[in-house]
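You will see two complexes here that share chain A, one where it goes with chain B and one where it goes with chain C.
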Partner chain A sequence: MGSLFRSEEMTLCQLFLQSEAAYACVSELGELGLVQFRDLNPDVNAFQRKFVNEVRRCDEMERKLRYLEKEIKKDGIPMLDTGENPEAPQPREMIDLEATFEKLENELREVNQNAEALKRNYLELTELKQILRKTQVFFDEHEGGLNPTESMTRALISEECLARHGTLGSVQLGFVAGVILRERIPPFERMLWRACRGNVFLRQAEIETPLEDPSSVSCINTFILLVLGQTQDHRHRVLVAAAKNIKNWFVKVRKIKAIYHTLNLFNLDVTQKCLIAECWVPVLDLENIQLALRRGTERSGSSVPPILNRMETCENPPTYNHTNKFTSAFQALIDSYGIASYREMNPAPYTIITFPFLFAVMFGDLGHGMVMALFAAWMIFKEKPLAAKKTDNEIWNIFFGGRYVIFLMGVFSMYTGFIYNDIFSKSINVFGSKWTVNNISLEKMNKEKVLMLSPSTNDYEGVPYVFGMDPVWQFAQNKIIFHNSYKMKISIIFGIIHMLFGVSLSLLNHLYFNHRLDIICEFIPRIIFMSFIFLYMVLLMFIKWIMYFPTDELAYIKYSPHCAPSILITFINMILFKTTVVDKECDAHIYAGQMALQKLLVVIAVLCIPWMLFAKPFFILRGQKEKALASHQQMPSAVENGDTEGPLQNNSVHVNGGAVNNRCPGGVEEGVGEHEEDVSEMFIHQGIHTIEYVLGSVSHTASYLRLWALSLAHAQLADVLWKMVLRRGFVIQDWKGGIVLYVIFMFWACLTVSILVLMEGLSAFLHTLRLHWVEFQSKFYKGAGYAFQPFSFETILDSASQTPEE
Partner chain B sequence: MALSAVPFIIFTVFWGGVGIGLPIAVPKGPNRGIIQVILMLTAATCWLFWLCCYMAQMNPLIGPALDRHSLLIMAREWGNPITR
Partner chain C sequence: MPVCGPKLSLCGILLSIWGIVQLGIMGVLYHFHAVAFAEDLPGDHEAEVTNLEEFYSEVEKGYTQNAQNCWIAACLYLVTLAFSAHQFWANNRSSLRV
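On to the complex of A and B.
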């Protein structure tokens, strides 16, 4: 088990498997899920591979199972899902399975056919019965009312015919009776008319009851129904029996199919007795894999053990982070930006805290945080039953997948909310406010509507509220002014610290990859640039908080609120080398020697820019020249020189493509050859990075102000909701007020959850994500790797069971 | 100067304990490093957040502006009722 700080060390392995043992071994590896196989026959068509036949048989079996599943679902029979995970069956069991499915399918098809035939039969008989009944009416009419029929016959049949038949007594007309769809009647009538040249007499009677309706059960109908019922029963029995096993079968078939798919990636050796595989394997898990291979060999009864060889390679290995259910959501946040390069610092461990914290700075409200934390705590508490209930509701899956992130976000929001002293936009006075009304008389109050408590008098106790914001600010008229100055400052303070932390992580990267040149030419100037300008601004903020205090005494006027400098103006003037213009009683400097120090800082910081820009290409060029000279002078001893020049080579390789292994021929050749193009490219590359960093540190600092902006918006929105909605419920007296409050509270609670917790939460989440992806990770994270996708039954089964439902 | 030593020491010691003491006490295991980082970062961020809020109010350059009703209620509820 490695830690999450860097991805696991991977190695390429070659695997020799005896043909008989290959199936069992691959099956064991699939259960383990730690091996990523490479396709060794990429140029072979998918239909020409060795195990195409088996794969096809599996496909066929899967199709049958799906048919069965469809029928089971149609009948609404519950499918037994024990959640058990049967091992992949032996290849010879495949035939049994096939036979079983074949039998089941045939039986089902037969039953279905029979049922259909019976149904048709039944329908025909019902039709017949209806005809008999209806024609009965006709003939009754014929016999009863003789005269009208007679007149009709006369009209239809010509005089001479009548004369000819006259002797034969009453006229006998031939007739045909049948059933026809109602909408077909007019065409039918027309057709008859034409066919019989008008010599037709059509009577129709509607059959009122729909034909499937077995309302009138005659003798024959009962019989058919009985058979039909028995057929249905049989079908039901077959399906119920199948439903018990179907999940199990699905798992088995899918496993077999996955194994043969994998075997198709392998290469046959010349003797045809051995299968050769290449795979990426985490170094730390090699032993587990050996064990699994041994188990597989034993199961197959083969005598020759499989051979696992480590291989040297120039390729970049895949990135594999070993996560658990807690860290996986955070890792997913990072991975959706880009998979880390191999062995690069992984930001995920730090994100576990910084992400919820920065979120909470924007979302700070004890009440809203509690709603969020309780919801997530419920999901965590009910983890197992909820996870077992697999739904394809995407929104729910996102919430459930991120339950630990949401929980931490909720908990941190509670903390920051407590510090902001905001609970659904109200404050609580836990530790006793430090502000009291001492110096304001009633007369004064009558004169002015709004009065300010003076911080320099004993209105203010002298020491701040112990934990968080003083509750007095909640109902102060100038609350926003005070909060803005405070929240803007903390946004910048935390932003700068966050970015400096990111730059420091890049140092760990350089140290790990042994890029000495990058430390000197990138890390050091970067951290100097950032600290000398921006960290200094943070220091100024703290200095201002400490040095300036409320006072009315003239002796301290330099440190009074009247003379307190604006940090922003001071900062801008520092960059422009200007002196702040102040009133004559104030001091232009915060401390002695401020101007000189500030100039020095800015000059050094500006000097860092060319350092970042030119130092690295320069050193690389010099190194290349030296090496070229050395190789000219001592051609024969080039082999011994290889070791001493290791680090230099390494650096040039890093510039060209970040390949770690310096034995790769490609990297070195690129470093030496194509000199001219390489140099210009190097400068452009370096220029882009420098400009990005310098401009970025300004814009990124400003970008952290979103912490303040969103926090302000959230607090104001909560305040508005309280004032506009819930407060209306408090004004009505008596028992009516209770009812009104009941309704209004419901309204307020719905709005709170939907707008403040869900929508604001989503918006704060996205802003936090951006702060991490752009502002934080741009300082050290390349994200140019590709993910390790091990051959694992678990993932294959998961994805297979999800696709058909969509 | 208005830094009161007691709350500062209490909170610093508390978060120091979380950020320095607990990481040492984390039992050995595959996740030890992650838990240590979590504890340290939690302590650092929470302590600094508290400190910033505390320091921002330490020397307030403005006082709260309150309207008449708030003033009267505040005086009555937070003990210094206006009698004159």
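On to the complex of A and C.
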């Protein structure tokens, strides 16, 4: 089991397989699913490859199976899905399979043809019967008529075209009767009228029993005709027999096809005795692969064992993260931004905690969190049966795939909801409120109507509520003001910590890849810039929280809310080197030496900008010069030839690369092979990165305020929903209120789930995703890798069973 | 005989379980005069309070009334639950039979 912190170490391997053993070995590797084969004949098109015949045969078999499946589905016969996974059959079994399918298909086609013919016969007969019956009615009416002329105008006999001619006619009129599609009647009538110049009388009657269209057998009625019944029985028997095995066959055929596809990627040895493959393999799983290969050889009865040897390569290996059902959803969140570069720090393990947490900060409500967590818990609890029930429903698949994410988001939301003391926008008093608002006189209550809580009065006991918000705030008019100040600061604090963490992760990256220059020229100035300006602001917040307290006494006025500095104003003044203007009874500084320290911090932080901007290109340039100098001394002849530096260096690198095979031009420490014109590019590149970081740290910090904004919006929306909807159920004076409440609760519950849990949840989810992708990952994550796509039967079968149903 | 489909009956079951739990708890809270529900009482909140005794008895009455109403609604949801559960069962049985 690899670690989640970085992607697996991969290696390129060359695989020599004896031709006879190749099939079995590849089959074993497909079961294992840990090997990604490279196409060794990219310039050969699909029709010129070695096993194209076999692939074509597999395609043919698959087509037959699909035909069978369609027929089975049409008859509504349940297909037996045992979920078992048969091994890929031996190549010689393929012929058996082919013969079986051929036989089945022919039989089925024959039966279908017979059934269709019989059905057509039957249909024609039914039509005739209906015509006879209807015309009978017309004639009866006619006979019963009093006046022949009147009957002439009233009931001249005709259904429509085709089938039957009769000579019965009471008046000297011929008649024709037949069956026509209902929608064709008006044109038919018009046509008749014109053709006969008006000497025609059309009469229609509907046939009540629906006739089946013979070309598409959509529903099977019980037929009176015995033969037809027997044919249907036979068809049914054939299909039932096929239905038992069809899933199994599908798996087998698809496996064979996948194996031959893979074999097509291989190179043939000159002697045609063995196949050569190249593949990416996780180093840790080499043992497993060797074992699988040995199994494959044994199965094929070949004596020569396959050879697997590691190759050195200059290519970037694919990124492969071992995931399980819990981590895969989080990894998918990261991967949809960009696959990590090879061996880069993987943000997924941190995301497991920060993602649900930041989500919950925005979604904090005990009740809504519980709804979400219960839903996800049900999905987790019923995991196996739900997973077996494969559906095309994309929304459901997304929910089910993210069940662990949703569960954690729900649980974390319950936690933050408990801190905010919000359950469906109501507060609960678990530990006993620390406020006693008891000295309100009757007049005051009538006059003011609203209740403002001031912690400086005796109403507050001076000890905070045990956990989270005091429930008394639910009634206070200044609740939002109080919450805003708290939640804004909290969001900035979380944001700065999150971003600083991201910058620290970049240190681990630099250390791992041994980029000393990047540590000195990027990581250090970045972390200084961020902490001297923004972390300092966070510190100010804590200082403000600790030093100032609510009081009305004049003696402590310096530490009263009256004198407490606004953090934002202080921060802006710090950047602008201005002194904060304060009332004369307050201190201008929070602590002694604040101004000097702040100036120092800002100056150092600003100095970091040119450091980030120029240091790295400068060092690289100097390194290049030194190298160039050294090579000049080594090869004075080249200098005499008057070559410029650029091509010379290029040359030396190539010579170098040719001599030592495992040194790659791209992998050499950066800067060595760069041209003169790359210098300006390097400066531009560095400039963009610096500007992005400096401006980004300002805008990203502000961006974290969305935590506060969404949390406020969610709380207010929940509050409005309670007040506008559910409260209606509580204001009716007598027992009828119970029934009203019953109905209103239903509305409230539906709105809660659809708007607050689903829509707000989705919006909070997207904002969280953005905070991770943009604000967090931009600090360290390149995401320039490509994914490891192992040859695995599992994924092939999954994708194959999904596509035809669409 | 299934009247509602499988989805509707499942929805009914979930909704009624939620209703029973939440309304039952809220009934208990109303019964014990939970302050959090002080704003959710029948009567005119804006009206001038002249007599404290009257005000208190009014509030008391509101709490008792709402507690009862909650339980009535919870009982109705119990009926809904029974109905939807029966429907669900009937649906399952009919789908098995066919």
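Please note the rule applied: the second predicted complex is superposed on the first by the 645 of 806 C-alpha atoms of A that agree within 3 Å, B and C clash if a C-alpha of one lies under 4 Å from a C-alpha of the other, contacts with A are read in each partner's own complex, and residues count from 1 in each chain.
What we mean here is this: a residue touches a chain if its C-beta (ideal position, glycine included) is under 8 Å from a C-beta of that chain, and two chains touch if they have at least 3 such contacts.
Computed from a predicted model, the values in this text were never measured in an experiment.
Enquirer: Between chain B (first) and chain C (second), which, if any, makes contact with A:L453: first, second, both or neither?
Expert: The first partner, chain B, only.
Enquirer: Once the structures are superposed on A, label A:A630 by its partner contacts, choosing first (chain B), second (chain C), both or neither.
Expert: The answer is neither, since A:A630 touches no partner chain.
Enquirer: Figure out whether A:Y486 sits in contact with chain B (first) or chain C (second), or with both, or with neither.
Expert: Only chain B is touched by A:Y486; chain C is not.
Enquirer: Between chain B and chain C, whom does A:L601 touch in the aligned arrangement: first, second, both, or neither?
Expert: Neither partner.
Enquirer: Considering only touches as defined above, state whether A:S427 meets chain B (first), chain C (second), both or neither.
Expert: After superposing on A, A:S427 lies in contact with chain C but is clear of chain B.
Enquirer: Contact-wise, after the overlay, does A:V731 reach chain B, chain C, both or neither (first, second, both, neither)?
Expert: After superposition on chain A, A:V731 lies in contact with chain C alone.
Enquirer: Identify the partner contact of A:I419: answer first if only chain B is touched, second if only chain C is, both if each is, neither if none is.
Expert: Touch status of A:I419: first partner only.
Enquirer: Quick check on the superposed pair: does A:F475 touch chain B, chain C, both, or neither? Answer first, second, both or neither.
Expert: The answer is both, since A:F475 touches chain B and chain C.
Enquirer: In the three-chain superposition, say which chain, chain B or chain C, touches more residues of chain A.
Expert: When the residues of chain A touched by each partner are counted, B comes out ahead.
Enquirer: Could you tell me if A:L741 is touching chain B, chain C, both of them or neither one (first, second, both, neither)?
Expert: After superposition on chain A, A:L741 lies in contact with chain C alone.
Enquirer: Using the superposition on A, tell me which residues of chain A are in contact with chain B and, in the other complex, with chain C.
Expert: Common interface on chain A, chain B vs chain C: 429, 442, 445, 449, 475.
Enquirer: Residue numbers of chain C touching chain A in their complex, please.
Expert: Touching chain A: residues 15, 18-19, 22-23, 34-43, 46, 48-49, 52, 65-66, 68-73, 76-77 of chain C.
Enquirer: Name, in rising order, each residue of chain A that touches chain C in their complex.
Expert: Per the stated touch rule, the residues are 426-429, 442, 445-446, 449, 471, 474-475, 726-727, 729-735, 737-739, 741-742, 745-746, 749-750.
Enquirer: In the complex, go through chain A and note every residue touching chain B.
Expert: Checking each residue of chain A against chain B gives 1, 3-5, 324, 327, 349-350, 352-354, 357, 361, 415-416, 419-420, 429, 432-433, 435-438, 440-442, 445, 449-455, 459-460, 462-470, 472-473, 475-479, 481-482, 485-486, 489-490, 493-494, 497, 542, 545-546, 548-550, 561, 564.
Enquirer: Can you name the residues of chain B that touch chain A in the complex?
Expert: Where chain B meets chain A, its residues are 1-4, 7, 11, 30-31, 33-34, 37-38, 41-42, 45-46, 48-50, 52-68, 70-72, 74-75, 78-80, 82, 84.
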